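Take a look at these structures.
Presented sequentially are two complexes of chain A, the first with chain B as partner and the second with chain C.
Presenting the complex of A and B:
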């Protein structure tokens, strides 16, 4: 089945992309790998007249490490993030989460920026980036803006991207030495499914940070569960209480994959497993 | 709303005119009359449309035609040399990994991508690589056997 017709723009600079998006307003939409955009257009969820390709704009697909941490260009394909030697050595949680997205052919085309902009609750990278306290850089008609990832996911398939803005880069601070982590995803039927529930944990001497996916209209930080662990640390009793708190603070939807109640139960189970199995 | 795309498909250079909204699958089927690559779900789930672009497996149904400008594309039609089948095609035939055949071009292209990167995969690595390719006939066991048999592994 053909896609509904649109005019494709292939800007060569970020500035050009931003002005095309600003100029065509509601009628325009950026595209990166297309793995989410193409199905949305094919099945009529989106009908943009102008599609602005970000792929091929130089400089948007680089991974670089500095004293402050890691920067990943929004157009970096997922397979390169998961396979990067630096990411695997210094941010193994991120490598694991990104390497868990879908299947190899989707990771070859899909980009990190596309995954986050799509703002699906069942994202593998999102909970990992929440637990890692990442931030994103956007550029638009009004200039640049940095948004902490904790404020970026705003609702059901809704990210804090203003009209004309493009997600440019994801920044991830260094993980303190001695920190432990875990990433677990639970897919109810088979490997290629999106996660029904996924859990990312980073535990440092200062506390435990928990990202949850699949459980709310968006991926969330489980702040109440984190608070429960703040005093006692990772004792068996505190872990049970944190798992209960996390199940309480998420607000899942029921869909074909599972009911809201089942998802809450699975949050309890998988967070407990993540907290008892930190690496 | 039309564009000219130059690319290499199965070793031959082509320049074709396609719509802005065409995907690589549309280009293969309708501009080059290469129908071996199958159209299953149109949303990236089934893997029937898998082809290689610059050596990496992608979904032709999700890839804009514009994205293969200047690229090297390999489809199922590009594997056999003269009358000689590719080793993956041969083991699929010999071990009965084909029933209706609809999933087969995608399965074979995905297996090619795996074997090019990792010539001696474990059974689990084969299963992982093919997890995004659905087969509604075979039950998968023979497909995995066929990929394992390519290098006489296992």
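Presenting the complex of A and C:
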């Protein structure tokens, strides 16, 4: 399958990108690394007439640390997020999750913003960012907008990006000292496969936050499982109950990787493993 | 060559003559090749698995700027490709009808992705757009998508002649009395899924018409002789075409059938311009022959002592919509259905059936993987019933030289299975300790796989070897090298015999106009057949050089040795071969030779009983593996793998190791993750996003054990190893997993969910 014809725009500023997107409306689409977009266009799922490349816009691929936490530009390639010394030292969960995406080739071209905008349920970074309570900054014709990541994934391959908007940056608050974490992914076929289920956990003195991927139309926070753990903490019994609660609250699909029932069983297994294996 | 002389090249590991260029990415594959003024070809493919074509309207596409031609079935001089059932083979098919396949669909499509029209355009974009503009009106027809359903009365007919494509039978002894003698009888059914070759390079080629009117094509193919299919379709004389096998990104049987040859040939012939046509990945998965899916029902009887008395097997192969090579693949399955075991009474009934699935055809193993999966699964199941270890039960029944196989023919070489088995298990070492959360299992599989064609086919290969006046040598032999190193082995054989370093010997391309006919690079036959042809030609050249050198050095011919480009006498005098060659040419002595090697020939087997000599020889091997299964998820990890084969003689040991390891890697995909999923005729994963292949991270360390019995029919006693290396892997891994979980698995791929369910249900 060949790419359908389209016009490629290479804006040099964010403003220019936003106005191009606004101008062409439904007919336009931003592109970052293209690792998701190109296959989607090949398969005919997307047929934008105008493709607006964000890659030439300076300043969108920076990683910076401040007192508030971490900011990662949307255009930062996945391999740079995973390899960043700051991320590895302070947000090891994120480094692990992002470093687990597919293959080096995909991580070299694919960007963090592209991964989140793609809003695939089987995303490695998404559950980690959910558990880390990240937020995203969007800019569009109406100005800037900050959206907590918990509200960003809206449906099957659907993110809260309004027409003309571009995802600019991901912010991640600091993790309290003493917090523990875990990231596990279960690839059912080859090792470069997307996760059939993945689990990210952050446990602080205030409670446990759980992100799940692959088992609902979007990556989700497992709020009910978190609630189960609120009182008793991480006792073996509470962990079992949390695992059951997570299996209940997810809403998996059947596909070629596995059936919905199997996914539900696997949520139980992998959440239990994540909760018992916190680092 | 004097018998005293040690090999200088053969049996030592050397880098292939073309390794460096390949690693540097230099070879020009057919898909990369360009010509001035080249057009881009594309095929329009059916959107339904079973439909009538009511009309095809190409007028809009033709009007599109940049489009040079649009072709449909009306433009193909002979629109039927015939399934080659050459005369000598036809005798054994008991009146099977000649199977045909339209080149471009005419009124009917029988599988999703069947070619309907062709476009050639100035740019790939125009070609793609033109496809969108061709209007095809379909009327959907009922289809049949399951081989067992297709055999039933009243099933939708894929072809007018009915859905049974081919039957083969074996009748050896009397299974009735064999089962009476048995203490234990066990019957089980095994399933093998549809598989794609998934080679790195999809099918592709470039064709053009030379000024003298010759149609030339450069195609990634395992079979140079396919030019005859092109001349048939175009109805042009066979000497008006030249086919060159380009370097290939993998073959594995996927380029054993005609792929793009006729399509790209038609476009070049019509436009009189160079045309390139390369399949996209989805096209490759949808529209070229897959590995046949099988259902195999096995019933075996054995005595308490472990002696097998009888085997009855019913085998059904899904051919998909067309015959391609399925009838012959089914023959291989039939002939090897008993595996490497001594079984007095055998009955096999095998059928190949048309369905509206993607057509299936050659795939490394050619029917042997399917048979091996069933007989090796069944050996394990039977051993369980008998309370014996799988190894002991096999050892009790292994074939020995002189034993008769299922066709009643007595084995002429020693299978060495006992040695292979003990070496393989020894390498695996003592059983591991238990580990919490994991079920650990071990499994084995043994196999016998023919190399070379069926013994009644009068197979042959020809090769030319010649010296140049500077002391270098050239091999000409139209044997395509899909990456197995066939070319390098031929260079090594010539270099060995001529006493030249490998760097002084070159091999030309597999070009139908420039190189003598070598036959197909299939059936694990090239080293055996073309290796012998090159050996023969090189020996003839050597004789002439030795005679010349003896004369020049005033020595006896028997005393002359050719070493590193020199002719030597025992007392240390030497002459450069360049000088010898020049002198030979000046004195009219030949410095080149064209030699033909003929495989041994036997009578055609009896089609009703399968009795006779099926193949000239077999390669035998044993594999063992240790796996672990995650108790909670069903995920399998192969921890250790040992593959042991008798290769007769390793021409290049490191290449043999490569073949052995590659076979296991490929079998791992078959066992654990690969499957083309077709749902009511619609392929759900025509892309590598959902057709997953093993990566290096999925592949365990693979230990290889190579025996060199010297019994092979190939040069220096070599047997074939290309296909055999793969055959037992699927069975080995599945048997090991079954051992781990205590439930016999009889289908694959072993996705975690499949294993999980089996563990849960606890029954088989």
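Here is the rule we use: the second predicted complex is superposed on the first by the 277 of 279 C-alpha atoms of A that agree within 3 Å, B and C clash if a C-alpha of one lies under 4 Å from a C-alpha of the other, contacts with A are read in each partner's own complex, and residues count from 1 in each chain.
We adopt the following convention: contacts are C-beta pairs under 8 Å (C-beta built on N, C-alpha and C of every residue); 3 or more make two chains touch, one makes a residue touch a chain.
On a predicted model such as this, the values are computed, not experimentally measured, just so you know.
When both complexes are overlaid on chain A, chain B and chain C end up clashing with each other. In the superposition on chain A, A:31 makes contact with chain B only, while chain C stays out of contact range. Once the two complexes are laid over each other on the shared chain, residue contacts for A:192 go to chain B and to chain C alike. Contacts of A:109 after superposition: chain B is touched, whereas chain C is not reached. In the superposition on chain A, A:39 contacts both chain B and chain C. After overlaying the two complexes on the shared chain, residue contacts for A:259 are found with chain C alone; chain B is out of touch.
The partner that reaches more residues of chain A, of the two candidates chain B and chain C, is B. Of the two partner chains placed around the shared chain by superposition, chain C is the only one that A:269 touches, whereas chain B remains out of contact. In the superposition on chain A, chain A positions 1-2, 4-5, 39, 43, 103, 190-192 are in contact with chain B in one complex as well as with chain C in the other. Partner chain C is touched in their complex by these residues of chain A: 1-2, 4-5, 39, 43, 103, 186, 188-193, 196, 256, 258-259, 262, 265-266, 269. Interface residues of chain B facing chain A in the complex, by the touch rule stated above, are 1, 3, 19-23, 26, 39, 42-45, 47, 50, 56-59, 61-64, 66-67, 110, 113-114, 127-129, 131-132. Put simply, chain A touches chain B in their complex at residues 1-8, 10, 31, 33-35, 38-39, 41-43, 51, 53, 55, 79, 102-106, 108-109, 190-192. Considering their complex, residues 124-125, 128-129, 280, 282, 632-633, 635, 672-673, 677, 684-685, 687, 689-690, 692-695, 697-698, 751-753, 756 of chain C touch chain A.
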